[in-house]
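Two complexes are shown next, each including chain A; its partner changes from chain B in the first to chain C in the second.
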Partner chain A sequence: MSLKGLIDFFSSLRLTVVCLVLALVLVFVGTVAQVELGLYQAQNDFFRRFFVYWAPGDSGIRIPVFPGGYLVGGLLLVNLTVVAFRRFAFSANKSGIWLIHLGLILLFVGQLLTDLLSVESMMHLREGETRNYSERPREAEVVLIERSGAETERVIAVPEWRLKKGGAVPLPGSDLTLVVRQYFRNSSLERLPEGSMHPAAATLGFGASILARELPHVTEMDRRDVPSVIFELKGRGAPEGTWLASEYIDQPQPVLINGKTYELAMRPRREYKPYSITLLDFTHDKYPGTEIPRNFSSRVRLQHPAKGEDREVLIYMNNPLRYDGATFYQASFDTDNLGSVLQVVRNPSWLTPYLSCALVSVGLVVQFLIHLVPFLKRKVRP
Partner chain B sequence: MLKTLLVGRCLPAATIGLLLVAGCDRGEVTSYDIPKEPATGQTPAPQGPGSDPHTGMGMGWPSVKWGELPTGWTQSPQTSGMRLATFTLAAPQDQSAEMAIIPMVGFAGTDQQLVNMWRSQLGLPELEATGGTPPERVQIGGVEGQLYEMSGTVNEVATRIIVAAANRDGVNFFFKLIGHDAVVTGQKDAFLNFLKGVEFTAPEPAGAPAPVSMPPMAATAPSDGKRWEAPSNWEERPATQFLLAKYRVAGEDGASAEVTVSMLGGSAGGLLPNVNRWRGQLNLGPVDEAGLAALLQDVKAGSVEAKLVQLEGTDLKSGVPARMLTVIVTLPTETWFFKMTGPVPVVQAKTDEFLAFVKAARF
Partner chain C sequence: MKKALPWILAALCLVWAASGLFPRKARGFDVAAFGRLPVLLNGRIQPFDSVARNALLEIRTRQSVRTEHGQLPAMDWLLELMTQPKRADERKVFRIDNRDVLGLLKLSEEEKYFSFAEIEPHQADLSREGDRVQKIEAAARSSYERGVYKLASAMWMYQRLKATLQPPDATGFVADLEDYAASLAAGVRAVRAREAKEEYDQAAFDRLLGHLSVFDQMSRMSYVRIVPPSDPQVAPEGWDTVGAVLMSSMHGQAVPEAVMHYARMAGAYAAGDTTGFNAAVTAYADRLKASDAQALRKGSAEHAFNRAQLFYKSTVLYVLALLGALSFWFWWNEGLRRGGVWILGAAWVLHTVGLVWRMALEARPPVTNLYSSAIFIGWGAVLLGLLLERIYRDGIGIVVASLIGFATQIIAHNLAIGGDTMEMMRAVLDTNFWLATHVVTITLGYSAMFVAGALALIYILRGVFTASLKKSTADGLARMVYGIICFATLFSFVGTVLGGIWADQSWGRFWGWDPKENGALLIVLWCATMLHARWGGLIRARGLMNMAIVGNIITSFSWFGVNMLGIGLHSYGFMDSAFRWLILFIASQAAVILIGLLPLSMWKSFSRETPTVDGATSV
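Let's look at the complex of A and B:
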């Protein structure tokens, strides 16, 4: 296809209509699919893909059957851009049209950036507790912590995606290598029955007394996978054998290597921040005489030593704290009302929807005025 | 020209750029230093999505019950992971303490490693193998356990840890009291009284679902009758869900060994993982396939060929030198295990008796 043919194709109104119809179908089917798949799986399978795949049985084959969100959105973005440049001249009387198109393009690009770059995590605080990190509830990490320092502790963290990939993982800051033997996306642990001849999950540490089994991937909104991994630590002085790390094991396992005691654990992936948040008070208001919630609020203390900041902030429904590129929303709370859960969202492109809406609005007004003013002038002319 | 430039070059470049940033926040393997964290332990799991991974572990292990809590103790509404329960203790303003019950299914380390782990939480130097005073004895629900106590600082705050540990049905239960030194010291008597009042409950024998990958287990002897006859001087013990037979074999000076018979479907998970697990129970390192081949001896079990594995090391539970003989009988659809474990002198003295017992089995 020649360049002209390509431009004709991408600037075609038919392409717009086809993409909009495909988007309509995709949104409908993707929304219905949430009943079976849950929100996260449906988002991944229908919208964060170039194609929607069908996998017949256990064949392991994936056949693309429908365009996914990235493809439909990408085509619409290209279509919109090419149309704007091809059909509209850079002139004053088309400025409104340009602003509208720029606003729509910004909306598409901004949403793609949000999808690619935004990160959600949670910060769970009990009253009086201070934290300088948030946790990603659906991602885990294996950590080796060395606590011999007087003021600090050294953490080596291996994210879950790297464990899933398998193979050898050199651990930075040490001469150790973690070699993945088995990774379970979702798992359950059981005590190895006395006298059982079934092999334990690992040969060292707690895993030597535990049976680990793989569970199906969980897609419901109110449940999540609990990953486990069996691995070896290789390196000078590392004990020979396999270890089991799992989010189920909330007690660190001591690992003795070259006279140093490391603590081994699997935990939700952490994001450390240069500032800390202390929960001073959590309030759960109810309508008088009822159990109907009226308001949830967290009074927190924000301390950023490097900036010399130390202030109190009240976070409540629809009134998040925006600080240092992150937004802290009131998300949940403990059953005893003495703890609060803040959702921490880092979205570098959070302003783009506002900007695009403003551009489209201004563009519509400008284009309307461009037509209205000459019309009125003609009308008042005798 | 401008249009051509924008449409022909900038747009593809921008599209490729956007695609390239996909997945850029996966996070890499990192190493970093952080300020020491306060040893406040776990907090109750929150309400809301993603907070309750599974409804239970299905471990089928013994548990702990307790009666009335000491004054000022409140149980946190939910626990997480393997923690059985967490209690928050009343404390003055700006101070805190908590007590957690942590069942741990066996521990392939030493007491010293545990103590050093707790010491490191308090910023204390590690103890050498011979260092430190032996733990005190303490009564935990009618079981004799060990009591460890240490104090140090966490973030310049005087902090104390008291841990009571007891083993019940192969599960190590840790009762860990941690918090501000003054609070923990003031609560020690209440803690010890609480320990006396707890009650260990027996595991539910058939409560835990079998792992998906586990071959079917035989809970009874084959229909064609018992395949073995135990010597009359062996004391028969109650069989369990996983054992077809269990005997106590008395040695000299009151010492005794244990003989078990079990059967699993298929290859029972493979010989090498089983042998390495047994080696782990005797504090021996794992072997590879070549090492395994060197360990195997040919013996007869009834009319079929079988393999004998002899291991000698230190029993992780009792800490005494121990010996383990296992005869593995591999049949087309099942694998049988005859196992004798006990102190070295007893097993050595009873080896011939055990092998004769296996040889007389009917296969």
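Let's look at the complex of A and C:
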């Protein structure tokens, strides 16, 4: 196809209509599929994909059967952009259309950036507790912790995605290397029975008396995978053998290397912050005589030593705290009403929907009036 | 005269509507005055009248009980239940539709309504099944299980209502209370002495404990908080039930005044003593005027709103307006059309007054739940219809407006059966700013979609089955549909993005692919598809009409369907019969689309004209 043909193709209204109809079908099917798959999985299978796949049975074959969200959205974005440059001559009559399409382009790009760049994590605090990190609920990390004082610790962390890739991972700030032997996305552990035929998960540490089993990946909203990993630590003074780290094990394992004691653990991946949050008070009000929640709120103390900041903030529904590029939302709470869960979102493109909404709204109103006013002038006779 | 006729018609309609506002002075029991008394239920101050209406709606799906002597209004029924439970137990107030539930309770399948006395012998079976069903997740219940759950809840509420004013088996509660007050000092001394292992007065101890065990029983049962706080500063948390305040009165001194007033009302009502009852109601209302004037005003205002029945009356007028416009199409008599317009206008005024009144009562924007969304969609659609009629003067606006107005009022009426429609807003929804912006715009988008869809239905049905669709009318319809779709696009898009911004404010994500969000997105996508297909020349007038009817399907899915998926925010619960109706609606729309796809030669309207009708129609 010639360049002109290509441009013609990408600037055609037919393509717009086809993409819109595809998007419509995709959104509809993706919504209904949530009944079976749960919101998170359906979102991944239909919208955050270039293709929607059909995997018949356990054959392991995946056949693309429908364009996914990225493809349809991408095509629409290209279509919008090409059309904007090719077809509209700028004129007052078309100013609304311009604004609408500009706003839409911004919205699409913003959402793409959000999808790629935004990081969601959780901060669970009991009343009186202070934390300087939040945790990613669906991602784990293996850590080696070196206690260097009563208050501070040095943490070497390997994120789960790196473990998933396998192979050797040099640990930064040390001469150690972690070599992945086996990684389980979801697993269950049990104590190795006396005289068992099965081999223990590892040869060193807790893993020497534990049987690890791989489990299928779970998709339900309210359940999550429990990852485990079996690996070797190589380097001067590191003991020969394999270690087991798992989210199942909630106690740190002591690891002695070169006379230094580290603590080994697998835990939800942490996002450390240069400031800390202390939960002073969590309140959960109900309407009198009912179980209908009226408000959830967390009074917290925000301390940023480097900036000399120390202040109290009230976080409640529809009123998050925006601080240092992150936003803290009231997300959940402990059943005894003494603990609060804050959702922490770092989304550099959070402003784009606001801008695009303003642009498109103004554009729609302008275009609407451009047509409506003369129409009414014609129609309504005194 | 002929010119003034429509005016007179509209005025008559409004007078009829206003008639409900001024009740005639009651000669017997002043039930209306009792119905105005404020109480606390569902977390909000409401009049006794609302408690009665909502309770009866929940158990009987009607706001009155049919008896041999005509209709017994909800308030009269509740008064009887609270003061003469034995008589009330014979009233057939429990509606049971599910045959398996009837089988479980060994009740006749010939009837729909049953009395408490008829169900009570089998209550053990009902409770056992009820306990089992309660453990099953709401969405996973079968229709039998939902029937059991509904009836068991209704029975429980019914029994709790009995313990509102006095213990259900009380014979002379006023005397009991006086005796309790008299026994209090000696009784408390006896209790203290017993606790200190000293000698105590057994008779005084037993006398007090006899009363307290009755009150305790009552406080476990009672449901409506009818006793105002002794300190108005702690309202509404301070409102409490009769049983609970009597239990705590032991530590204080006297029986609260309100309890005595209510006991007198109950006694007088049971004894048929009209003067005593009316005097007790007046005395209590006067007391409230001094201490809780605000609650009393709220009670009166909502009571008047209940009595006015504005939405019901507007529904009747919508039917009249529809008949007017349809007969105009038969006889082309301008008088009929003008009559229709004025009746429609009157109906819309009632609709508006009802809407604003509700907003004032709730101190909320118009749409707070599914019920009020139905009311508001209808309101917006009628307004659009009136505007179209003002521009085109061909009856089409009236038909569309009255049709949607009527349908949405019927839907709202059926949604009201779920109970209190002015329930409190859950924490995340408790924001008037977003309710007023996001929810209102998105709902106006629904209105516009339904108006466009209804116009398209008229185009196709009139075109295929009658010869009345002239080219000029057809062109006019095409322009209307196009214009309304532009309007729908504007509101749906802005509403959807505002929803995203709200989500960003409260959960930290602009878009989460939640079913309700996706439903709104579907409407936006479909609007965009229609407009682009029209601009690209892929469709003409007829295609636009068929697509607008698809818009009806998509909008109904987004309004109701996503709530039935059983995921997302479960706020509306699961609706069996609504699901059946939704499927029926979608099937009917699909049928009209098929008819609309018939070749033009089979259409009664265009077959004899030149086929250029489908041609140029652009605004």
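The rule we apply is simple: the second predicted complex is superposed on the first by the 355 of 382 C-alpha atoms of A that agree within 3 Å, B and C clash if a C-alpha of one lies under 4 Å from a C-alpha of the other, contacts with A are read in each partner's own complex, and residues count from 1 in each chain.
The working rule: a contact is a pair of C-beta atoms (placed from the backbone, for glycine too) under 8 Å apart; a residue touches a chain by one contact, two chains touch by 3 or more.
The structure displayed is predicted, hence computed values, not measured ones.
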Pick one for A:Pro159: touches chain B only (first), chain C only (second), both, or neither. first
Touching A:Gly57 in the superposition: chain B (first), chain C (second), both, neither? neither
Once chain A of both complexes is superposed, is A:Gly308 in touch with chain B (first), chain C (second), both, or neither? neither
Contacts of A:Gly5 with chain B and chain C, given as first, second, both or neither: neither
Who does A:Val27 touch here: chain B (first), chain C (second), both, or neither? second
Counting touched residues of chain A, say whether chain B or chain C comes out ahead. B
Return first, second, both or neither, reflecting whether A:Asn295 touches chain B, chain C, both chains, or no partner chain. second
Using the superposition on chain A described above, determine whether A:Ala331 touches chain B (first), chain C (second), both, or neither. both
Have a look at where A:Ile249 lands relative to chain B and chain C in the superposition and call it first, second, both or neither. first
Have a look at where A:Val35 lands relative to chain B and chain C in the superposition and call it first, second, both or neither. second
Touching chain B in one complex and chain C in the other: list those residues of chain A. 331
Within their complex, chain B touches chain A through residues 2-3, 6-8, 11, 14-15, 18, 21-37, 40, 42-44, 46-54, 57-61, 76-78, 80-83, 94, 96, 102, 104-109, 113-114, 116-117, 120-121, 123, 126, 169-171, 174, 208, 211-214, 240-243, 246, 260, 262, 264, 268-270, 273-274, 276-277, 279-280, 285-286, 335, 337
Listed in rising order, chain A residues that touch chain B in their complex are 3, 7, 74, 77-78, 81-82, 85-86, 90, 109, 112-113, 116-117, 119, 122, 124, 126, 128-129, 132, 137-138, 141, 147-159, 161-162, 169-174, 188-200, 203-206, 208-211, 213-214, 221-226, 239-242, 247-254, 256, 261, 263, 269, 272, 331-336, 339, 341
Within their complex, state which residues of chain C touch chain A. 40-44, 225, 236-237, 239, 390-392, 423-424, 426-428, 430-431, 434, 483, 486-487, 489-490, 493-494, 497-498, 500-502, 504-515, 518-519, 521-522, 525-526, 528-529, 532-533, 535-536, 538, 557, 562, 565-568, 619
What part of chain A is in contact with chain C in the complex they form? 12-14, 16-17, 20-21, 23-24, 27-28, 30-32, 34-35, 39, 42-43, 47, 107, 111, 114, 118, 120, 286-290, 292-296, 317-320, 327, 329, 331, 343-345, 347, 350, 353-354, 356-357, 360-361, 364-365, 367-368, 371-372, 375-376, 379-380
